[in-house]
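Both complexes shown next keep chain A, but they swap its partner, so chain B is in the first and chain C is in the second.
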Partner chain A sequence: MSIQDELKSAIKAALPDLSCVIGWGAGPEPLRAAPLFIRGEADLQNFSAGFLSVNNPALYLPALKGSKVGVVAKGCDARSVGQLATETLIIREEVHVIGYPCEGVIDVDKVAAALAGVCEPGEVGALREDGDNVALDTPKGEVRLAKKDIAADKCGRCIFPNAENADVFVGIRRAPTVVEDAYADIAAFEARGTEELKAFWEKEMSRCIRCYACRNACPLCVCRDHCIAASREPHWIGQTDDVPDKLFFQVIHAVHLSGRCTGCGECERACPLGIPVLKLKRALSRRVENLFGYKAGIATGTPPLLTFNIEESTIKERDW
Partner chain B sequence: MSADTVKKFISFDALPGFLARVAETGTVYAPRREGGAVVYRPLKPGDAPELGARPTESCKHVVFPRSETLFSFDLKAERPALTESPEPGPAVVFGALSCDARGFLAFDPVYNGSGTGGSARDTYYLRRRSRTLLVVKACKSALNTCFCNWVGGGPASPQGADVLAVETEQGLVLDILSEQGAAFAESLPAASEAQAGAALAAVKAVEDSLPGAAELSAAPAALASLFSSAEFWKNESAHCLYCGACTYLCPTCYCFNITDESDGLSGVRLRSWDNCMSPLFTLEASGHNPRPNKADRLKNRVGHKFSYYPSLHAGRFSCCGCGRCIKSCPSSVDIRKIVLDAVKEAANV
Partner chain C sequence: MSVLEGKELRVVGFLCNWCSYGGADTAGVGRFTQPTDLRIIRVPCSGRINPLFVMKALVGGADGVLVSGCHPRDCHYAEGNYYARRRLEVLKGLLPVLGIDPRRFEYTWVSASEGQRWQHVVETFTAQIHALGPAQPFAGASRPADRHRPDAAAV
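Let's turn to the complex of A and B:
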């Protein structure tokens, strides 16, 4: 049986006890799938998991708390489930996690760059997967691209591709891409120095439209309906179109996610203006992982920055 | 594009210099590639506009800024002082899409008082609108997400444009559609017969390349009849993450909020974009929210564009079919599918 068929059987077997199973189905164009809410067997026709399964289904879980729900999970999605559960934002027993060995997902911005001079990604008429490659039908003929060249950055540093906390796992577990995330990208980015980074963020944030897709795509951002960035009463953040107000929100999101962010990258993927907001979160995750040895979504217990120890074992506060 | 209008020509090489001269008398906004996005920015002298990829955002912010200071106030003084914000200067959008220009036609009746017998005229909108010249660059192809032809538009529609620019091999043929457009292109030579012919052929080619339009005449009544169908809207909105990407990229979404940014007794009153997908949009002071769920809010977004607005404004949809809300939706919500599902659903009950 193919992985697709095995997944469909696993969903079918679980459906009678669940209000729905969240997976992926056909999207509005060949390069993009859409999250799929499978409520009955008929919906399975439209299901498929694989290179286009970019959306993180864990996003929808907190709002469905109180009912039994299934999710088909990539490795990174499963980390979001794990983190939500350990923070009791969802009840783990209410969620049925169906895992499969994820081989990585597409980054449409990279496809756009690869197609420069050929066409816009929105002009691709069909995508065919062919092993490690994809073939795209463009107005100027077929273009073949290696999946690894157009996969999301996170997949190039994936330690947990196999939904570690799956209740049911189909297929054969694959080897991780790397054994440790060295945060080399962030180290190099930070090495640019304060002045250059300030200029970088001023430029990037200047095109932010304050749509909060970054926030609403984040599975761990659960207070989005009461966000201090939008509330007028109290009125914390100005409603200008200026970089300080926009960056202020990004810093708030990053700080609220520090030690909780699993690096799923949905914030950055969701940003319609292509602002690399994941960098801010990864900069903090790097420090939390180093200081507290806490890997969000894998570790259990209260995230280190939501609590404190009188003596932190890794922080030397006194000389004696 | 009609054969009868005045046509001018400018080569690609001459374009940056020409636009730099235009920029001496006003701000020229043009598409620019930034990161993975294409945004409208004031054109730097000598730069060529990005005409190869369609802008991620619409150009509505040129006329309807994301955040605009209406006035500043100072209540500390003996006589409280209000200071009007300065008059905006003239602007040109060079390289608007034809759907963007048509987007303003959905704004106009709401802000120019035509719906209220002239009593509610929005001066802040109107003063920018009247000073903004729209040079539309005709699309050479449609994207998968485009459906301008479903809602009365087209990839080279002249509606709402002052000038329609059509790409030919050597340069742009400019179709002059208004007096302001004529003034803008005054210094340019007339297009030769061959150039004008090439432009007409290019327009015909792109118009013919679009897939057929879906029939939407039943949509307003269908959506109205589904107003209380909670199940329908729950299913349609299941994957929506209710951010503001769709509304803020949309050329026809015109809602705003008013905020006082004050420091003690002085400050400014801002008008900034607001969006109906946000739970705060309808949150009342009592704490009651008539649209508590994303299903209620998505129903409003789609219903407004394809049912309530047309019922108030002579049948025009307040959607120009640009497809940006589909293309940039992080959850792949497709407004076309929702409208077509509604038509189907209403026919079944």
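Let's turn to the complex of A and C:
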């Protein structure tokens, strides 16, 4: 049985006890799948999991708290489920996690770059998976791309591809891409120096349109309509389109995700302007890992910012 | 007061009511001279300090931010400063990546009786900020201080 068929039978087996199972189905265009809410067996024909399964289905779970739901989860999605459960934003027993060995997912921006001069990603007529490659039908003929060249950055540093906390696991567990996330990207970024980075964010944030897609795509940004960015009192950010207001929104997202962000990358993926907002969150995740050895979504127990030690062995305070 | 050299920068201080604010008061009562760059905001406890307070000040163009609370084991509310320590220590990881010199932010502990120590902390931190010079605000920021600081162009 193929992984697809095994997943379908795992979903089918679980459905009677669940209000729905969240997975992926055909999306608006060949390069994109869309979240699929499977409520009955008939919906299964639209289901498929694989290279296009980009969206994080854990996003929908807090709103569904109180009913039994299933999710088909990549490794990173399962981490989001884990973190939501740790924070009691969902009840773990209510969620049925169906895991499978994720081989990485597509980054449409990288496809767009690879197709530069050929066509726009939206003009691709069909995508066929073929082992380690994909074949794209473009107006100028077939283009073949290696999956590893167009996979999301996060897949290149994936340490948990196999939904660690799955209730049912389908397929054969695959080896992680790397054994440890060394945060080399953040170290290299930081090495550019504060002056250059300030200019970097000024330029990047000048492009931000304040759509808040980054927030809405984040499975752990659960305040939704009560986001402090939308509050008048206290008035954390103004309504201008100036860089400081827009940048401060990113600061809010990053700070509110410190010790919570699992690095699923949905914020950055959802940004229509391609602003690398994940960098800020990864900088804080690195800090939390280094200080408290805490990997959000994997570690269990109280999150590090909700507890303390009287003597902190890793914190060197300044002796004035 | 050599650190000043006649020019003031804007340093925001978040001080807990029970220890550090008292310590600053003790320093004042003891007439320990201090640089005048620090603008003190009194909060009930260092645990009240949302890391976003610090960020709001820095992104808004403050030249430095200093947080001070009760020494560990001395918190008026028993454990507020322990939470603050973790939050603020984590926050330090954001500044360099955002393009803000991490030396512009520091946190420490000063008790209500430590007037002299308060003087030392303020002097040291102010000197550090002066060594860095005024912060360049993120472009597009309206910086009202430019109106209040006529010497800005010369700094």
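By definition in this document, the second predicted complex is superposed on the first by the 313 of 320 C-alpha atoms of A that agree within 3 Å, B and C clash if a C-alpha of one lies under 4 Å from a C-alpha of the other, contacts with A are read in each partner's own complex, and residues count from 1 in each chain.
Just so it is clear, a contact is a pair of C-beta atoms (placed from the backbone, for glycine too) under 8 Å apart; a residue touches a chain by one contact, two chains touch by 3 or more.
The structure presented is a predicted model; accordingly, all values stated were derived computationally and were not measured.
Once chain A of one complex is fitted onto chain A of the other, the partner contacts of A:201 are limited to chain C, with no touch recorded for chain B. By the touch criterion defined above, A:288 reaches chain C but does not reach chain B. In the superposed pair of complexes, A:217 makes contact with chain B only, with no contact to chain C. Contacts of A:34 after superposition on the shared chain: chain B is touched, whereas chain C is not. In the overlay built on the shared chain, the residue A:244 is in contact with chain C alone; chain B does not reach it.
In the superposed model, A:98 makes contact with neither chain B nor chain C. Applying the stated contact rule after C-alpha superposition, one finds that A:315 touches chain C and leaves chain B untouched. In the superposition on chain A, A:152 makes contact with neither chain B nor chain C. Overlap of the chain B and chain C interfaces on chain A comprises residues 242.
Across the complex, chain B meets chain A through its residues 34-37, 39, 53-54, 56-57, 65-67, 141, 143-146, 235, 238-239, 241-245, 247-249, 257, 259, 261, 270, 272-273, 275, 278-280, 326-328, 330-334, 336-337.
Contacts from chain A toward chain B in the complex involve residues 27-30, 32-37, 55, 59-60, 109, 112-113, 119-120, 122-125, 139, 203-204, 207, 209-213, 215-217, 225, 230-232, 235, 238-242, 266, 269-270, 272-276. For chain C in complex with chain A, the touching residues are 51-52, 55-56, 59-60, 72-73, 79, 82-83, 85-87, 89-102, 106-109, 117, 120-121, 124-125, 136-142.
Those residues of chain A lying in contact with chain C across their complex are 186, 189-190, 194-202, 205-206, 236, 242-244, 247-248, 251-252, 254-255, 258-259, 279-280, 283-284, 286-288, 291-292, 304-305, 308-310, 312, 315, 317-318, 320.
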